[in-house]
Every structure is written in C-alpha cells, then in structure tokens.
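The following block contains the structure, expressed as structure tokens.
Each chain carries a letter (A, B, C and D) given by its place in the written order, and its residues are counted from 1.
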Amino acid sequence: MKHINVGVIGASGYTGIELIKILINHPNFQISYVATTTGGIELDALHPALKGVFSCPVEIADVKEISKRCALVFLALPHQASMGFAKDLIKDGVKIVDLSADYRLDLEAYEKHYCPHEDKEHLDMAVYGLPELYREEIKKSSLVANPGCYPTASILALAPFTKYIDENFPIFIDAKSGVSGAGKKCNELTHYISINENIFAYKVLNHRHEPEIKEKLFKQSSKDFDVNFVPHLIPATRGELIDAYMLINKDIDPLAVLKDFYKDEPFVRIFDNPVDIKSCAGTNFCDIYAQRKGNKLYVNSAVDNILRGSSSQAVANANLMCGLDESTALPTIAYVP
Amino acid sequence: MKHINVGVIGASGYTGIELIKILINHPNFQISYVATTTGGIELDALHPALKGVFSCPVEIADVKEISKRCALVFLALPHQASMGFAKDLIKDGVKIVDLSADYRLDLEAYEKHYCPHEDKEHLDMAVYGLPELYREEIKKSSLVANPGCYPTASILALAPFTKYIDENFPIFIDAKSGVSGAGKKCNELTHYISINENIFAYKVLNHRHEPEIKEKLFKQSSKDFDVNFVPHLIPATRGELIDAYMLINKDIDPLAVLKDFYKDEPFVRIFDNPVDIKSCAGTNFCDIYAQRKGNKLYVNSAVDNILRGSSSQAVANANLMCGLDESTALPTIAYVP
Amino acid sequence: MKHINVGVIGASGYTGIELIKILINHPNFQISYVATTTGGIELDALHPALKGVFSCPVEIADVKEISKRCALVFLALPHQASMGFAKDLIKDGVKIVDLSADYRLDLEAYEKHYCPHEDKEHLDMAVYGLPELYREEIKKSSLVANPGCYPTASILALAPFTKYIDENFPIFIDAKSGVSGAGKKCNELTHYISINENIFAYKVLNHRHEPEIKEKLFKQSSKDFDVNFVPHLIPATRGELIDAYMLINKDIDPLAVLKDFYKDEPFVRIFDNPVDIKSCAGTNFCDIYAQRKGNKLYVNSAVDNILRGSSSQAVANANLMCGLDESTALPTIAYVP
Amino acid sequence: MKHINVGVIGASGYTGIELIKILINHPNFQISYVATTTGGIELDALHPALKGVFSCPVEIADVKEISKRCALVFLALPHQASMGFAKDLIKDGVKIVDLSADYRLDLEAYEKHYCPHEDKEHLDMAVYGLPELYREEIKKSSLVANPGCYPTASILALAPFTKYIDENFPIFIDAKSGVSGAGKKCNELTHYISINENIFAYKVLNHRHEPEIKEKLFKQSSKDFDVNFVPHLIPATRGELIDAYMLINKDIDPLAVLKDFYKDEPFVRIFDNPVDIKSCAGTNFCDIYAQRKGNKLYVNSAVDNILRGSSSQAVANANLMCGLDESTALPTIAYVP
C-alpha cells in the first residue's frame, strides 16, 4: 500500500483537529509533521479528546522541516499567514492543500476583499478544490485552494441550475452557520450567553464569501449573477444551511435536475424533503433539496461546515492530488442521534 | 381604578400561560375565568412555575359561564375550536380577542387554507389586531383577530416599504422560529433530539401564514405582492427572526424610512444593526433593521413569537378594546442575559 | 410614596443588568447613578435590550459622586474592588448592598480563600443578606453582604435540617450552574463550543463558596459540618441546581420539615417532586424538595443564580434596609416556557 | 478474513442506529438481518442520515429468520420483549448480545424491579458484558447481558476502589444524562421546551440501575455497599457524567489507583482533571478522574450513554464472543468540536 507523508500546519484550530481526526485512520497518508505557530505541546494535550488514540509532538511551523518531512501539507492557517508558507513550499515541490482564502480568488477580487497578495507568482496555478466541478484539474494540481464553507454549500446548490436562472434578477442566499464557523477564538460573539437561545445575521451583504460564490458561478456558467449573501449565526456547534432564492426562465423539475446533475457523485445526496444540518454533521456529504413555484426557485443545501466545508473536502482534494480514490478515509457516518 | 373581568380559554398551551403571566400583574383586568377543554385541575398544578404566585381552578370551557363571568375573553384555542365559542359569545356581548386564525382572513382565503368557516355571520366584523396598522378600528371593535406570529413580524417589517417595493418581483421571506412555535404537543418535530444541534425548513412555500401576510399587505398598500415564505425551526425556546428580500424602485435610506414610519410607536424599535431574537424575548417589542444594496432591499425583524407574536399583542388589543392605555401591563424587560 | 435614590456600580456585568431590570419598575427606588470602571457610554448602548425601555449615562465610578447622589448603592463588582469603594461609602453614610464576597466571611476565612482584607474596620458590622435567616438584622444594617449564589441555594436547602444532620458524616453537595455563573468575560470555559453538549465539574472540593456554606451553617446551628462541595457547569444560560447528600439521626418527614420551616416565607417554595431550574428562572424564588431513605437524606434546591443568587436578593435586602416591604418589585414570573 | 452474519433486532431506536453505524464498517461482521416490530421500510428511510451510506430492508422481527440468517444477534429491544426472542434463539444456537435488562440481574432482583422473568432457564448462563471485569467469561459465553449505561460508568468508576471504600457509610452517586438516555419516544420529558435551559433529577433513589450497580459491585468485591443513586436529565444529546461520593479507610492516591487498575485497558482513560462528556462522545471510552480529601473520595466518570453505555460496548462483547480482537471497529474519535 502506498504511504505518503503529510503534515498539518495549524493544528490548534477546529479545521486542524478535524484534519487529524480523518488522517489518523487514513490508510495511505501518514501524519509526519504537526505544527502550530507556537508549538511546544503534545497533540493530545492540545486536544484532550485524542488521549489514547493518537499523539505526537506539536512543533513550531517551519518551512524547511515541512519540505523535508512531508510530500503533501495541509495549511489550516488564517489567510495571509498561509501564503507566507505556501510560496516557499511550492518551490520545494511540496503538494499543498490550502484551507485559507489565499489562493481562492482572482487577484483583483482577493486584494479587494482581503489584503495585498504576497504570492502572485503562484496564484494562477492554484485549482479551486471543489471536486464535483474541478476533479480532473485537482488531480493534476500541486496547489489546491480549498473552498470556503459557505461557497461549498452554495455553489453545489446552484451549479445545477445556472443555465436556468434568470440573470436579470438577483440571487438571494440566506445562510445559517453553527458557532464553530466563527472560530475557536473566544470573543463576545462566541460567548455561550451571546448565541444560546439566539440567532442573528452578521456581515449582511458584506461577507467575503459572497465574491467567492459569484466568481465561481461565473467560471462555471459564464453568467455574471447578482449574488446577495446574508449569513446568520445559530446556536449549534457545527453545520451550515443554505436557503437560496431566485427566478428561473424555464419550467424545470428541480429535483430531477439535481438528481441528474449529481447522479455519479458519491458525496452529494439529493433529498425529496428540506435538508437539515444534523443528517450530514460529521460527514463529507453535501445534502440538497429544491422546490419550484412558478418562476421562483428555492434551493436548500446543508454541509458540515468544518468537514465538507473545510477539512474533509481538503482530504478529498489531497486524495485526488495523490492518485488515490477520492473517497479514501472520508467520513460518511453522521453525528446522529 | 377600572376593573374588568376577563377569561382565558385554552390555558394549558404556551399562549395560555403567557396570557396568564401578563394578566396576573394587570392593574385593570381581573382573571375571572380560566378554562381548558378538560378542566379539573388547579392552575398552578397545570403550570408549576406559577406556584406561590397565582392559582385558581381550571374549569371546562363553557359558553354560558364565560358570558356570565367575563366582559372580555381571550380564546387561546386551535383554529376551528375557536369560532365554535366565538359565534355564541359575540351574541352574548362578550368582547373577544381570538388568538387562532379563525377571523384573520377573508372567507375565501380562510376556507382554502384552513377549513369551512362556521361563523360567516361575524367574519366581517372582526378587526385584524395589529395595533400599529389598525389601532383606531381595534378600539371600536368587539371581535379582534389576533395576528399570527410570522405575519406580525413580517408585516411590521414590510409595511413601511410597500410603496417602494417593486411588485414585478417576488418578495422572499426566510423565517426562523423557536420551538415554542411548534406547540406544546410532543411529536417527532419537537423531540429534543430532533431539533437540538439542528435547523431545517418546513412547509416550504406552503405555510398558512403566507396568505395572511399577502392579504394584509394588500389591504395596507393595494399592491398584490408575490409573497414567498419559507419558515425554519431553530434550536431555541422562543423568538422569531424574519429576513425579507425584495427589489425596490426608489433610492431610499431604509433606516430613515423605518424610523419615520414608527416614530410614535412605543413597541417597535429600529436598530442600526441586524436584530437578534434574544433582545426582544420576553417582551412585546418588534425590533427591525433594514439595509439596501442598489435596488435590493433587505429587511430584518424579530419578535417573541408567543408574546408579540401572540399573547402580549392580544393583551395590547384587549387594552385598546377596553379604553385602556395600549401599553398597560405589556412586558418590556427582555430575557437577557 | 417614599422615593430613595439608588446607584448601581458595576453595570456592565450580568448582575448589573439584572439589578437595573428590577430597579426600572421599582416604585420606591429611583436609579440616580449608574457606573462602571470605564464609563463613557449610554446604558442602552451597553445593554441593547434596554433600548426603548430605560437609559441614562454610564459614568466612571466615583465615591464622591455616589455619596452625593445615592442614599443606597449596589456594588456589583469583583471582590477586592468592592471593599475599595465600600470603606469610604460607609463613612459617608451611604447604605450598601455588596454583591461581592468582600464582607461575607470572617476575616480569617476571607483572607485564606480570597486576599488580604482592606476594610477590617467595617467587616464586623456587615450582615449576611439571607432574609430567611437574618431578616431582622438586615433591617437594621447599613452594610449587607449579599450571599453567593451557591451558598444561597445550599444554605436554604440545609438550614431546616441542621438539627437532624449527623455531623459525624460529611455533607456532599453536588451543584450545577448555568454559564452566566461563569461571568461575562469571554474565555475558553465560556466559549459556546466548550460547554454546549457538555457538562463538567470544576474547582472540585476547592470552590470558595464551600467555606461560605460551612461558616453560615455553623452560625445557624453551632454545628461544624464537614461540607464537601463540587460545582459543575451545564449548557444553560441561567439557573442553579443543588443536590445535597447527608446522613441524619432522626426519623423525619423531610417535606414536612421543609414546609414547616418555611411556612411564612413568600420566596421559598416547597415542591413534592424534584425541582428544576426553569420553573424559578427569572424569579426570586428558591425551590426546594427533599427525600429520605432510611438514615440518608437527599435535599434538592434550585435558584436563578443571577437573581435569587445575586441581584433580586440584593434588592430584597435593600428593601428591608430601607423599611420597605421585602417583596417590593421582586420578580416572581418565571421564564417559562 | 472471517465473516460472521449478524442481525440487529430493534433498529428504530437510538441503540439500533448506533449498532448499525458501527457494524457498517466492521471488517468481520456482516449485517444480514435488520428488524423492528413493524418492519416494512428501508433502513435509510427509517434513518435518513444513512442515505448513500448503507441500506437494506427492515423486516418484521421473526425468530426463525434470525436463526436462519444470523450467527449472532443484537437485541436492541425493551426489557421483557427481549427475553421473548432470546429464549428461543438460545436454543437455536444463535449467539446473543442483549442490550435490555432482561439478563443483567439475579432473578430476585430482576423480578422486584422489572417484571416476572420469562426465561429463568437461561438466566444463569448469561454473562454481564463489562469487558474490563468479565472479559474471559464473555469470550466463552453465547448470551451476554449488556450493562446499563449508568452501571457501566458507575462500576468502572468504583471497581478500582471497592477494597478501600468504607462500607459502613453509603455511596452517593449523582448522575447526569443526555436526553438520548430517555429514548426516542416523544413525551413531555423529551419535548425540547421541557429540557432545554433546564436540568432536573428524576426517579430519585428509585432508578432500576441502582440495584444493578449494587449487585455488580457485590460480585466484584463481596462487599454489600449501600448505593444511593440520583440521576438527572441535562440539555445535551448524548453523554453521561457520574459523580460518586464516598468514604474510604486508607490513605490512597486515587489517580495512582486508577492508573494501575486500568493500565492495560485500551478503553478506559484516566484524566488528571475532571472529565467531561464531550471528549468521549461518539466513542467507546470511559473516562475517569478521582480526588481525595481526607477520608472522602470523589470519583468522576464519563461515557457516551448510547455507545459505551450501550451499542459500542455491545459490539465489544460480540467481538469477544466471536474470537475477534475486542477493539475491532469500536469508535475512538470523539464528537469534538
């Protein structure tokens, strides 16, 4: 059996622990390097739930060490920090799955919504890591930009319909995310008292995932949709629900469209009823439902924001980049009940 | 001080207990009759939280007794059951606040979405109990149809904008409700395991509050909007959030429009940021925020679904019907933290 | 009607907002001064839920201003900070309800479990503010040490039984608190992800409320009980449950003992079944249940940790100190459903 | 590789779905029969989260079919129903892991706390399925009584200390369980509104797991402890926390005792701090902590109530009964974050 040494940079956050949880049982990937910006701790001290399961020293992230010890590396870092590592690792021939936003957007869009890009040289070689749309490119790539959580669920929901959507009218996306989407950092927003028994919108029509959705829909359809995105925080740990509203100009059966579009896809499930976040929590599935009323189309999708919306999709990409079966070690058993 | 005997029919449900919680401290209304369909229990045995606060026998609901002992009655009953009582009580001269849907809609709409109407005789005399829009009519009425929870939050959010909304484009309303909105009955939907750590849409584009919103917006604006309503259940006890998406045909400042429209209203609060359900939980407030992006308008409102969306609004209506100050005994102190 | 000017120092925390929520509707106390250590904000900006209800400038806490503008002041401050204000305010003749631990314990116990005492001069004049046990002393006092939340629920549960408890055997108290008990500060413990879907013990046999319970039981009974206290954090906003286990040396009917002991008390409710935290959330009630099995006694009590366990008990004490009816403005309507 | 046909009877409940989630990925056990009392549905319609993962017809449970198609069967049924099947299956030579209480207790205790026993003939041959205590017996057994959830966590916590515990004093066990422990049936107790933001004790000193704990501790230690058990329901989906209080008569280091007792056990983890339910949720681990204060001992353990407290322990037993490695397919990766 093929053995490939992989590293996880940014092991302290939620996407870091999710990566490790998957990699522990991966038959081909061997965790050869685990790092954070501070290091100096055992992995099972950083994540006590791993006690008795897996541990190793957590080191201070260092480009030379990564290059020496890893054939492929997952960068589970904030944007900007990520390209700092990536630009050198690419030169050293290390395959990269970047979980940050650094290689997701065209230069102009990136610099408008994030910060000046520090690795323009390699931006063009990055492939957007949504296997259902870019599988063949991912297989050949050595730099994959892992999609954002909201874009994953939104694009998978909308892609089957782009040819039917009336582009003279806006698309409205009302999204709901569990608190893990707000990160591990403690702040007023993530305080239990703030979000328990509560729900609220944030970054209304101003979230950085809006241009990502718009750009990728354009690449897929050559249609310049007017995407309007409103995310909400909900009192749940993980999971993300998308409700998209739009006009269409053809009398389609939306469930039939979905079932046909994804008929060979193992990680997209089409449901005949509205989806929920719990049935896909803990898995790499994206669950989708749709309903039409005259010329109005409603599309409804759900993912686990830190798995399909991040870490398990990252492993899917890594599998493809390394010539493995895409589904190797990907979680499919949901956190139910 | 004026004393008015009032009754609560349907004291076992959530709206029943909320009515009683408000009426206990009402300076003018005296609880003279409390009933359910089964009776035979003390009120503080039915609702143990009332122990040491207030109790009385819960009787079997009986029209003759209500007429004899109440000047005004709150019908906190399921639809259809409600009109069974109302039709006789009206004849006996008892003032009625009906919390069910029985007198909310025009005959045709009612019979399409609910059941055959059994009190057509009095349907026309009912006033829709949204004080901000129908205050003067409510004052003169003896039969008030208390609005549904979703319509309350939706209509208050949209009414200020009806003259600017482009009626050639649909209005999409994405609503989120706490579990108390699903009622006290135990079923698969309200099981803790079903909804905790979860969120899902239900009755997509098919909820009975959709025609109620549409009809009332038409009455307010003479515009026949294409209202599309998708409700969700969220893991919270009480509270309801509305996110409405639409096109407008005028360059308005939506916050200024809201502040002007509600400038004299004590129970509508306009916020400069997205609203949340916790800041108005436990109160009669409807909180509203709005934001424009080109010709797209986003309106965002929140209410406590069993207070402003039901029982406290019912008391506001009763206050008006009895010549009292509308705000008498209405709760304003939120369940925070 | 008597009007008394009162101040709230420490208005930003949970006990601060709870004090203000009660005082807003108090017929005799007038909020004349609201302060924090930083000031410079309107109260309804600090607590948006108060918008449209009550507001005033939040000032920087200053002893001279307090003395000038308040006849009574609530110190909702951390321990140590509190006595810094109290020592001067006492001299100025301002009545004080101190919500911190600074005046709760004997000098030795205080300095062992907290820090060196900086106002030894006034420590002896402080009365422990548990009305059921010290009502007459509170009435005459101008410095009341408001009890801790766990001690309130524990002492009220145990006081009726002290004469029957076998002091040769330890008392074990297993306590559970909602997250508001951990304070408003954002940290790893109060992060939503840490406590949602979780429960854990903390400060096992080492919580500073243990010596407070022990000392007060000794004062009430002259018995030096071996109190062992283990608190837990639970995924709930507010509320506190106490389960106490002990041996007794007499064949008592524990419910009869409780009912007799508290027969004239308006804010202690004896239940015939185990108590829950929701039925008293939002109120000043302490709910108690007890059960005996041979010589084993189980006592079970519940309070709202930030009301009966802090702010509403503080107002009860202030009422008594000012010659008002103890129950004036105290909340009795629970946060149900 | 060895292939063994196994059946799951009672596939609709929580323990049923948990069994199936584990068996899907079991390398040796092949799901050859899935049944409920009503049948007539596909498994992924019964449990939509399994869509795209695994399905098969759910049949009406029938002894003859089980015997024909299964070498081993898991009975995930209510007590009494279970022995109805077991008594015949034993005769047919089918190996049985019974998740109900039917074969856990001695006859007298069973009939006192449950109902008349209908399979006295085989009661004696049943082995109590707690691998850490009865591994060798389980290996040889064809009828294993899978322990209750509370007894699993309690006995594993107490067994290392039985020789030190002072049996002249009672043991008090204060237990907390997630709502899945109350079953899938919808009732007032499991309604979201009842338990969210709440906690309460139930079946105080009267739960049927109390005699199970007592009996098994006696078998392990020959000491007849006075076990007093008080369970609570908490607002969490899964997980169970045990806090046990007792007196000891020797100066032990409780963590050292635990570490020594379980030094070779892969599914018991000893923590140096209080345990939580989230770090073992989703796994077969039992996590334990202990602390001593003079002659008082506090022991604190956590399990996933439907895995280690039921279904994953059942698979561990099945593994042992079939000569497989005990840990085969047992879940170790926790539901964190």
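Here are some notes:
Here is the rule we go by: contacts are C-beta pairs under 8 Å (C-beta built on N, C-alpha and C of every residue); 3 or more make two chains touch, one makes a residue touch a chain.
Bear in mind that the values here come from a model prediction, so they are computed numbers and not experimental data.
Using the contact threshold fixed earlier, the set of chains in contact with both chain A and chain B is C, D.
At the interface between chain C and chain D, over half of the residue numbers appear on both sides, which makes the contact a same-residue one.
Rounded to a whole number, the gap between the C-alpha centres of chain B and chain D is 47 angstrom.
With centres defined as mean CA coordinates, chain D is found 40 Å away from chain C.
A separation of 37 Å divides the Cα centre of chain B from that of chain C. Across the assembly, chain A contributes 14, 180, 184, 193, 197, 235-238, 278, 335, 337 as residues in contact with two or more other chains. A complete topology is adopted by the chain contact network, contact being made between every pair of chains. Remark: chain D residues 14, 17, 21, 24-25, 47-49, 51-53, 180, 184, 197, 237-238, 266, 269, 271, 278-280, 282, 285, 306, 332-337 touch chain A in the complex. For chain A in complex with chain B, the residues that touch the partner chain are 169-170, 172, 174, 176, 178, 193, 197-202, 204-205, 226, 228, 230, 232, 234-239, 241, 243, 245, 247, 274-278, 281, 291, 293, 296, 298, 300, 335, 337. On the side of chain B, the complex with chain D involves touching residues 14, 179-180, 184, 186-188, 190-197, 235-237.
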